[in-house]
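Next, two complexes with chain A in common: one pairs it with chain B, the other with chain C.
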Partner chain A sequence: MGTQVKDVVIKSDAPSALLLDKHADYIAAYGSKKDDYEYTLSEYLRMSGIYWGLTVMDLMGQLTRMNQQEISDFIKSCQHDCGGVSASIGHDPHVLYTLSAVQILSLYDNVNVLDVDKVVEYVRGLQQEDGSFAGDKWGEIDTRFSFCAVATLALLGRLDAINVDKAVEFVLSCMNFDGGFGCRPGSESHAGQIYCCTGFLSIAGQLHQVNADLLGWWLCERQLPSGGLNGRPEKLPDVCYSWWVLASLKIIGRIHWIDKSKLRSFILACQDEETGGFADRPGDMVDPFHTLFGVAGLSLLGEGQIKDVNPVLCMPEDVLERLGLHPDLLS
Partner chain B sequence: ETGFNSVFDRKEWADLEPVPQDDGPNPVVKIAYSDKFTDVYDYFRALLKNDEKSDRALLLTAEAIELNAANYTVWHYRRVLLQALEKDLREEMRYITTIIEDQPKNYQVWHHRRMVVEWLNDPSEELEFIAEILSQDAKNYHAWQHRQWVIKEYKLWDSELEYVEQLLEEDVRNNSAWNQRHYIISHTTGYSDPAILNREVQYSLKQIKKAPHNESVWNYLKGILQDLGLSSHPGLLEQILELKETHCSPYLLGFLVDIYEDFLENTLEHHEEVLSKALELCELLAREKDTIRREYWSYVGRSLQTKYGSSDSSTTTSAPGIDPGSASGSVHQETPCSS
Partner chain C sequence: MAETENEVEVLVQRVVKDINNAFKRNPNIDEIGLIPCPEVRYNRSPIVLVENKLGVESWCVKYLLPYVHNKLLLYRQRKQWLDREALVDITCTLLLLNPDFTTAWNVRRWILQQVLRECSSPGPDRKEQGDGDRHDAAEKTRLSEHLHRVLHEEMKVCADAAGRYPSNYNAWSHRIWVLQNMAPGNLKVLHDELSSMRQWVSMHVSDHSGFHYRQFLLKALVRELSQSLSSSSSPQHYHPQPSSNPSHSPHKANPHHQANGEATAAGPCPSPPSPEDLALVPALPQLFHQEVELCTDLIKSFPGHETLWCHRRHVFYLWHHWRRDHHYGQGFGSESPQPNHTDAGLSSHPHTACPGGVGLDRVQRRNGQAQEGQDAMEVDGVGVPDPRDTKRLKRGPPGPCPPALPSEHSFVASVLDSCRSPEQGRFALAYRKWLDSVIGQ
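Showing the complex of A and B:
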């Protein structure tokens, strides 16, 4: 009966202490080497890259090291006539980058850098007849975009701009037999999509529609012997699932179903002691995306040195406090 | 001369002024990219700026895509050009096929393929193409989305169950294939016919025998039975208890708990005995068989105790001895699982 579980083995010399200063230095320096090929290649998601960097810096109390003026000017240049925001200058608008832009400006309490009414119009225009949301004018449908839409509008206090009931109907139609959610009706349950859908339902005030015990079980099944979390059955653990899975569990009130100390060990092992930052799994190359989700995951686990993160919006709680935003959580 | 086939050197591009990268009104740091990337993208930006719709523009999008297939703006522009220039979409299908084969884990390439299939209204190559991609990575999430769309849109349900079975033969732990199985059956026969439901239950049990430690099959089995109730399926409990002797796993034990819970919910007889069995399993799982999820198992045990325990039962999850005499459906004595 011996079967090999797909997992990693954490080496005994893997990092076991939290190296916050190194991570702050890593993020602060990222992007200053603009000739870096990886940086160039990721231009098509630059707005999200900035959101990841700023949010993790804020969680570490280091937001002031980033250049607010330069970033605000950049964002302003990325809003198009249709109201949507693009990842970078010369790129096309998309709901993903519209959300990232609004999140960044919310950190700085400066959403009026954008024409807010036009942002709202853009998001409204992406809603389809069946309640779903397209990502942009080319019509790709995905529950990720449902989340982006309501998160954007919630931050702007304009949730009334869309048909929330219809949007809920669509998201619920993506609920699967295992209690999870996929990107479209029938799509395989996936932790990233589950985060988007539970986050969506939280914002829409419809968390009671989730089967919390069933989904909670599926989510806690993501934990592997190494302590790390995967995104769906028979996949390797990845530190970003420390966010997608953990935040989802927090939203549905079942975060204690994860073995916290084993997860914490896994997350810490994903740090790079030399360069700072977190990688997807121990020993791999670091990047800002995994750095944010490693730190945010630790925050959800109660790490004292890190600010409290909101599990629905992946932003510091104190920012949402200032905005008066308290998305529902199940207990 | 730049040493590679730069756009800058090509005579037919001499009329166009390349547009360097603009990082905003206050660029702080001078930017230097890898030369070829800079070359192609500078000219791409020039085309965008002039809204040029030409064959050379289309060719350049291919070069830009080759350098960065995730750049959604380039894909947008390529679609605009394909329509404006009324290009041969069959040729575009061949193009996107090559790109996906090279970079199958990318949203933009699959979305582009879907658009071309829609424009052509021709799905005839899709199932074979997707199967080929899945043969390289049987869990490619994008490929599965595309497959579900093609099947639903063009009603290509007929041979899919056979395809799923083939994939499960190759890897019984392929969660995507189990999901697809559910998708196909839900959209065709459904599960309400008892013969079909039983067929699926027996199929699942057969796969469990092949690989007992398999999350997917247990989630599937629970998923297809939960509406009717796990304890309502004739003979299932006996089959599970039989499997417990030879093909035990934490999943099996958890499933037993689920059956017992459903039994408690739907019958009034033998509560104490069934409850004590369920609680014993929860304790075994928490303490020994699935310790990483001990909080979950403790929760399940407590919930069962609260809901079905009599008022003078003990509040711990460990169960008192089992009463002699039979309970309906219970054929075998409980023995510790050897897994």
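Showing the complex of A and C:
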């Protein structure tokens, strides 16, 4: 008598080689059919979708296949009077898409497509009295938005625009007994939130406040027998957690606590040999989101064919080098 | 096929109306599911109600989701007016189909903040005495009853969503937000929630979010009960300190913000708990003992569930630190002097006579009572007999009160001795390692 632990079983014929060319072709062709049903359904996050696609192309050395002019024009038309950027034309601005826009333009070394001062104003205006950040004028509070805020400002070299100490105070108030972080004080630890909070603390120069051993332990307990990582106990593995968990471990200097080769096998098994791209788990439908995080995860594991990725900002290291940005990492 | 915008509008409004009517016709609906049906049939309602099961034909879903999302967008862009009830209905419908849908939860929190503001805004100038005072009291009662209803409605929505999507982070974190903002420091609500959740978590032993909710409730109860201990022993001098807890930190309105204003600051002030409220809630050692017992039962009945072991870590951690902070005695049973929160003391509490056995039965009964008033739990089949009751009797009366390190190590040893599941062994060993590394320092 025993229970089946929630996990996947990797079939023997699952992909085991890295198919970078297929992934580049998949991304290059994605979105070319603008009336495709799934494409229209995801319009509400289009700006982030573009960031995922461009970043993975850059990591694979294929950024030039994307249409820089079209994308820059699109971003420009998404900046609102308040300074914030929306996911697509006609949508509301939000800090999530403001960060994605700044990340995209940083890849192209062209942030001045936007009115940078207004972006800074918008982000500053989202900070609350307790140091937290709202996502937009409607006021949802979440530590993800703290990360988006400081990441945006760091890329623009304008971190001084907000009250960093208060922001740190709020994020630390979301630290739980297990060393992890949730979306708000008292919320459950979640790998995605942990990535945002450790990334935040890195940018804010406050990584010493993390209990690295405790959090590292929680994070490596995310690894399942299949080698894949989940985001919380008793959830299925998902390739995007190869990013959230792995990047967090890298930031706190505990990446060696993971079984790297088992994780690598899992990530490779999530590829689709026919269409290119990565899915959340072996055999499922692919999408650009999981494609980026599969490739980025492999980069963190030391895959030679992929550029080095920065674990805090999920952007190629050479881009950050150019910007002179070196967020802290624990050793 | 090219549907006109109007056709879609008509269809979707009909779907929303049909779903609402179905619930009104049968409030006991306990299951909602998609009926695979790819063929579009405009002239027939895609909503099917058979006894307590609501079916939504799959062909309409691809119209419904973008439509409702778009309506929310238009409302937020101020391009279209939507009354609050329609918003509540629409978010309900969205959550039925997509219980994890973040925007819908956000909109509900925005509405609740408005409700809170209305309930705590100062009344009109009261210059008249007499009648004016009676008006105040009546108005206060009306508002507090209104808040109470809204609170329970929201708990129900959370419970429904939690039942339809395993480990629903958004539903449970919304639930926590509601308690933090609408009933801060409210002992009765906290304890009622803890009791009523017992059955639910026992039927959802993989649901990490559900167990985390219990951890949140326990932590909040510890905070409130500890404060009543450290103040005067008489209940009249109870002074809750909400601001010491970061979850109560006020989100003051930023000039750029309308919505996320004084949610907590304007929230209902926790009134000092009545002696009746305090007597209803067991003393802290008892609460911890009950929680560990629940955890032990579930670990033994459902081997190999990481969630249950995580829960144990959290509960033990809370207990260990509370004991340390309050210089609580090492060995204790009912005979040692115990700090308690009523002058009546524990001796009047049935729990203390036999800490384990009687207490648990009482909790089970109380649990039953809580459920009668709450339709939400029906989703989980209340009528199912609890096999753990007989198991408990077979084991004999449980050991002494709340856990200590040695008893936890014995527990691990006993699990390792008797378990046949490799996963259970793995989790037991991990727990022991955690005890040594984290607690043992």
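The criterion applied here is as follows: the second predicted complex is superposed on the first by the 330 of 331 C-alpha atoms of A that agree within 3 Å, B and C clash if a C-alpha of one lies under 4 Å from a C-alpha of the other, contacts with A are read in each partner's own complex, and residues count from 1 in each chain.
As a working rule, a contact is a pair of C-beta atoms (placed from the backbone, for glycine too) under 8 Å apart; a residue touches a chain by one contact, two chains touch by 3 or more.
Please read all numbers here as calculations on a predicted model, not as lab measurements.
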item	value
When chain B and chain C are modelled together on chain A, clash or fit	clash
First, second, both or neither for A:250, with chain B first and chain C second	neither
Partner chain(s) touched by A:127 [first = chain B, second = chain C, both, neither]	second
Greater residue coverage of chain A in the superposed arrangement, chain B or chain C	B
Touching partner for A:281 - first (chain B), second (chain C), both, neither	neither
Partner chain in contact with A:187 - chain B first, chain C second, else both or neither	both
Partner chain(s) touched by A:216 [first = chain B, second = chain C, both, neither]	first
Which superposed partner A:177 touches (first chain B, second chain C, both, neither)	both
Partner chain in contact with A:264 - chain B first, chain C second, else both or neither	neither
Partner chain(s) touched by A:5 [first = chain B, second = chain C, both, neither]	both
Contacts of A:44 with chain B and chain C, given as first, second, both or neither	both
Listed stretches 5-13, 293-301 or 329-337 of chain B, narrowed to the one that overlaps chain C	5-13
Intersection of chain A interface sets (partners chain B, chain C)	1, 3, 5, 37, 40-41, 44, 91-92, 138, 140, 177-178, 182-184, 186-188, 190, 217, 221, 232-235
Touching residues (chain side chain A, partner chain C) in the complex	1-3, 5-6, 37, 40-41, 44, 91-92, 125-130, 132, 134, 137-141, 170, 173-174, 177-178, 182-188, 190, 214, 217, 221, 232-235
Complex contact set, residues of chain C against chain A	62, 65-66, 69, 73, 76-77, 106, 109-110, 113, 167, 169, 172-173, 176-177, 180, 206-209, 212, 216, 219, 245-247, 249-252, 254-261, 302-307, 310, 313-314, 317-318, 420-424, 430, 437-438
Interfacial residue positions of chain A with respect to chain B in the complex	1, 3, 5, 32, 34-35, 37, 40-41, 43-45, 67, 69-70, 73-74, 77, 86, 88-92, 94, 136, 138, 140, 176-178, 182-184, 186-190, 216-218, 220-221, 223, 225, 227, 232-235, 256-259, 262
Residue numbers on chain B that touch chain A, as the complex places them	22-26, 28-34, 37, 45, 48, 68, 70-73, 76, 79, 107, 111, 115, 139, 141, 144-145, 148-149, 152, 173-176, 179-180, 182-183, 186-187, 211-213, 215-216, 219-220, 222-224, 226, 247, 291-296, 299, 339
